[in-house]
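Below, chain A partners chain B and then partners chain C, in two separate complexes.
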Partner chain A sequence: MGNKWRGYLFVLPALAVYLAFAVLPALHTAYLSFFDWDGVTLGSWTGLDNYAEVFQDPGLRGSVLNALVLVVFFAFLPILMGLAMTGLLARHRRPGMAAFRLLFMLPQVVPLVAVGVTWRWLYGDDGVLNETLSGIGLGGVTRAWLGDFDWALVAVGVVGTWVLSGLCMMLFLSGVQKIDTHLYEAARLDGAGAVREFVSVTLPHLRGEIAVALTVTTVAALASFDIVYVTTGGGPGEETTVPGLLVYRLAFSDGKVGLASALGVVLSLLILVLVYVINRLSRDER
Partner chain B sequence: MTDTRFQRRRRRVPTAVCTLALALLLTACTALTPGSDTGGNGPRTVPRSTAVPDEDITLRLTFADAPVMVDALIAAFRKKHPRITIEPSYTQFADYVKNIKLSMASETAPDIAQFAVGMDDIAARGDILDLAPYRDTYGWDRDFPAANLEQLSGSGEQATTGRHLYGVPAGLSMTGIYYNKELAAKAGITGPPKTLAEFERQLAAVKEAGMTPLGVGALDSGGLHLWAALVNNMMPPRDYRDWVKGADGATIKTKETLAATDKLTEWSRKGYFNESANGTGQVDSTGQFTRGDSVFLINGNWAAGQLAQAMGDKAGFFLMPGEKPSARAVSSGFSVSYAISSRTEHPEAAGAFLDFLGSPEAAKIVVANGFLPPDAGAVPTPKGVLGEVAREHKRVTADEGMNHFPDFTAPNMLDPLRAGVQKLIAGRVSPGGYLDSLQAVWKERNGK
Partner chain C sequence: MNTAPRAERWSGYALLTVLAIAVIVPFLSVFLASMQPSGEPVVGMAWPEQWSLENYRNAWSVAGFSELMRSSLIIAVGVVPASLVLAALAGYALGTMRLPGGNAVAALFIAGLTIPVELIVVPLYFDLRTVGLSDSYLGVILVEIALFMPFSVFWMRTHFRTTPQSLVEAARIDGASSATILFRVLLPLARPPLMTLGLLVFMWSWNQFLLVLVLIQDATKRTAPAGLGFFVGQNNTDVPMLAAGTIIVMLPITLLYLLFQRSFVSGLLQGAFKG
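Up next is the complex of A and B:
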């Protein structure tokens, strides 16, 4: 018995930190979600009322839908871009690769708040995007992208695509380096072209990396906060309001800590389910 | 057989622990109820005496606006009271309003704190002091404009039970309309409009002349300032103030506010605003105005310093005009004001500092920092656009026309206002639907 438990001793420090700073706060949040509490005065037990409101309030439901739209821009597009760039960069080693990789990795290094501010300028009335459009004779489609009811969510999504594409590419490039070069040689001997090689050799071997990328980017989309907070603050109207923003707003401005906690719990569960599905689908069926 | 039983027993241990933990949690429930450790004591009032004891006193002051002004005020106050030291601690506004309720409820609350939305709630809990006795002893009714003191007298029940006071103003703020005199002349406009109808004719004339009439920074607060300016001049101030204070049966959906809201959508339909109003912040709309991108601009006195510097004599200022030339001058505004914690050991010393804010010395410091002084007579009227702001402010003070900003109605009113006006500008909501959404937030807060 003693021997069996000794192993846990080594885990204990990490486990203690994890319990204190991740598990307990999460449980505390779940606990708070059963209260009507303004953050200061005495709260009152309301059972599942907050959850009922999360599912009934159109504003809260709408924010979850917005987050799901963002998954397209934060997860699908970056993975496609990452795969395309990997296909272009991985086949041959050329000088200057490190510089390329650094360039595409830059968005990951810059703080998201700075990214948001920069893009707000790019999207601005006389920002680079509108100037370019006017310059090539498309003056008719210029607009304040972040203030447009139809385009604001897309505009915010594109920022996410820009940030996360580099991350996906890095993941895939490092995955490609693990692939046995003999496989490529064999494919080429069989007369495979660049596309065939990518589809038949590279892609299947990147299965694990794609699953990781999909998990990380989906979580980034559903839990997004900084980019939206800095660029649009959820506007115009509620077009770009996401759950992360509402959790913050409900808890700290509106004094509805219980409702914010309930929304946080629902959001976490949604993320867990999606991550589970992704991992299930990407598992090798053997 | 032994094997399975062993496994089953092993599994039972964590289950037992979990059950025990849950049971503990439930029995301890009353103590675990959030907020139970910070029991409020109910409203509290400052002691009657204002005499500052003759000893070395240190006060802590926490604030979010105008650090340069605060430093100067503290230095000037120290010259008068050498034994009172004030230690300022500055927090950015957005973080300040998020934390202030918690820090005022804590045992280590600062002695003096800048007043913010939600202070009415902590006043009811007794975390900040009712200053009414000091007002009477020091004669603050004489030193400060009545409307600004009224804004600091609580809301809901507090506002209707006697004359309370929870803060004292240092610098005042007010919204209005700036205009570019040079561009306005090109559209045949010779001076500020006397009525709302005349202002509408001017907007149309500017549009006719091929320029953008009115710059609105509706990405953040510019849109709600414009809406409030229209409401101020079309809804009787008494009805509006009842609504902000949460009086029984008050509503924001009236014939007048519907007309005011309708006017905003009409102006948007006619193309009177900058095309990208919803994507432009207030700071950006001000920058565009200085570059001549719009002839008029909705903003507040806080922009006057910047505009005077960038445009010199070209910039002018007027209040949103009323429906008749003789109409009462009404505008939205608030103040940088300070409250006293009920946990302070030196309410008399803190009171002396607040009293100092009404003095001519303080007024000079306030004006130098771009705010309007509580006592306008204490300083000479500045030149240029700053002078026009000061003159319009005197008119509002004389007419007791200072209304609260609409977001003071409830802590969660700011977002519906901002998002709602964006929808009005884009034609995504009807005026009635917008007012209904505001009233729903009001109702949630006031429960009437």
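Up next is the complex of A and C:
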């Protein structure tokens, strides 16, 4: 024990809380996933049965697939929109951007539960969406969006697009500021138009920001709970269930703690793998 | 970069305005709904005939927002200072000292950056009950500190790594201990990142839903978002009151955001690792 170990005195408090209330529970979840346990009586060891059920049961598998569909709305659409806006706006400095930025980041700040309640009302029978559609002569397509078997998942996804687009856009616009302006001048001297300039200068330099945006939004989609819980509760039928919702329901309503744990583990591994891949790809190509 | 040529400038602003409207409409429509007569059906974005805070008064008392807000505040006020202190200490050591195995410990923290609540919430419900921390603020506070700790440590470590090493060396030559260096030299310089971290942690704590839903069953101890979640279930049909409740839950964090916009925006952009 020398001087060099003494630094750990500073790390210890943070490490202790982290281990006790995050790492240990995570390991406990992994342990519980091997049991058939209702949360009350004595559980019994079932090996990998719970995992088999996660992959075989249509309801559980469906929730993972729904979450992957949400990735399109939470991650791909906001990033595409952010990139498009960056391409259109980044060439010039614009007074008043700070005010727009403040507004565009607001959905990121308010509780997702409140966002969900807001959109429930927008999507309602007499909500803004249906009223607007009727107003422009599209009364035929109005419906209870969140109760519609074909549209509910899309409707939930759009809420995610609304929440995360501003963040992506601002990430990219702030990334553009770091690009050396000489690169743009050189491109312009070479006669590059807006599109060429975007593809050959802006896009390659935003690789880091795109990776961060993709990571954050993908995690938000896969681990989503709040928005789904208050807008649809997983319905209609099982159309909008996500793993988070089923973990909650299985463990605390259905008395299937082991199965809920297995689903939690599978979800976390999926997140881990995707985050790893995203960050690996963004680094390799640099 | 130059200012845009006129045509491009206006098309740019037009685009921004369209997006701004897309962001505002949901907020505006819920606000307008909250101003409609209580209990009556609301259609679209109707302009209220008369402005009144009646729905807010009703929502406040029916949902019990006094207690909900108090719980939210107690939890956030418990989480923020503890997170800052623990993260500053750990970030300092991991960022400026050569600890044996220090990189492995840092990696252990970073590995937790993407831990979803779903991975820890199930056993926590049972474990906290075992140690007598179910339905308690302290239980939620400890779990939230742990949940935000990877980001907090990562954030402070990044900051301390970029402060000039010469400052630390100079103080050490003067005979200052590690603790003195941290508290006298480094922390005063770390005020902006600490401030930003504090705001982010406050926001995550204020907005946390699933964790509170599970760990707090006692209706009098729920937080504001959790209370809103239950309120929705019970008052499905009274749109104006529900809308008022929604605004009440959004308002405190929105005010904080407007008040500290610079820290918030930079924190959200730099710290986008955690949502």
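Operating definition for what follows: the second predicted complex is superposed on the first by the 267 of 286 C-alpha atoms of A that agree within 3 Å, B and C clash if a C-alpha of one lies under 4 Å from a C-alpha of the other, contacts with A are read in each partner's own complex, and residues count from 1 in each chain.
As a convention for this text, a residue touches a chain if its C-beta (ideal position, glycine included) is under 8 Å from a C-beta of that chain, and two chains touch if they have at least 3 such contacts.
Note that the coordinates shown come from a computational prediction; the quantities given were computed from them, not determined experimentally.
Student: Per the contact definition in the header, classify A:234: touching chain B only (first), chain C only (second), both, or neither.
Tutor: After superposition on chain A, A:234 lies in contact with chain B alone.
Student: Residues of chain A touched: more by chain B or chain C?
Tutor: C
Student: Classify the contacts of A:110 with the two partner chains as first (chain B alone), second (chain C alone), both, or neither.
Tutor: A:110 contacts chain C only, not chain B.
Student: So, A:39: does it touch chain B (first), chain C (second), both, or neither?
Tutor: both
Student: Go through the superposed model and pick first if A:171 touches only chain B, second if only chain C, both, or neither.
Tutor: Second partner only.
Student: Using the touch definition from the top, say if A:210 reaches chain B (first), chain C (second), both or neither.
Tutor: neither
Student: Report for A:221: first if it touches chain B alone, second if chain C alone, otherwise both or neither.
Tutor: neither
Student: According to the stated criteria, A:75 is in contact with first (chain B), second (chain C), both, or neither; which is it?
Tutor: Once the two structures are laid over each other on A, A:75 reaches no partner at all.
Student: After superposition on the shared chain, which partner residues are touched by A:8: those of chain B (first), chain C (second), both, or neither?
Tutor: So A:8 only meets chain C here.
Student: Report for A:252: first if it touches chain B alone, second if chain C alone, otherwise both or neither.
Tutor: Both partners.
Student: Touching chain B in one complex and chain C in the other: list those residues of chain A.
Tutor: 32, 39, 124, 252, 257
Student: So in the complex, the part of chain C that touches chain A is made up of which residues?
Tutor: 1-4, 8-9, 11-13, 15-16, 19-20, 22-27, 29-30, 33, 41-45, 85-87, 89-90, 92-94, 97-100, 102, 105, 108-109, 112, 114-127, 142-143, 145-147, 149-150, 152-153, 178, 182, 203, 206-207, 209-210, 213-214, 224-226, 228-229, 232, 239, 242-243, 245-246, 249-250, 253-254, 257-258, 261, 264-265, 268-269, 272-275
Student: In the complex of these two chains, what residues of chain A are touching chain C?
Tutor: 4-11, 13-15, 17-18, 20-23, 25-26, 28-29, 32, 39, 85, 88-89, 91-96, 100-115, 117-122, 124, 126-128, 130-132, 162, 165-167, 170-171, 174, 181, 184, 212-213, 215-216, 219-220, 222-223, 225-226, 229-230, 243-244, 247-248, 251-252, 257, 260-261, 263-265, 267-268, 271-272, 275
Student: Within the complex, which stretch of chain A touches chain B?
Tutor: 31-32, 35, 37-45, 123-125, 143-149, 152, 232-238, 249-250, 252-257
Student: Taking the complex as given, what residues does chain B use to touch chain A?
Tutor: 32-36, 38-40, 97-98, 101-102, 105, 118, 121-122, 125, 218-220, 274-280, 284, 288, 411-412, 414-415, 418-420, 422-423, 426, 428-429
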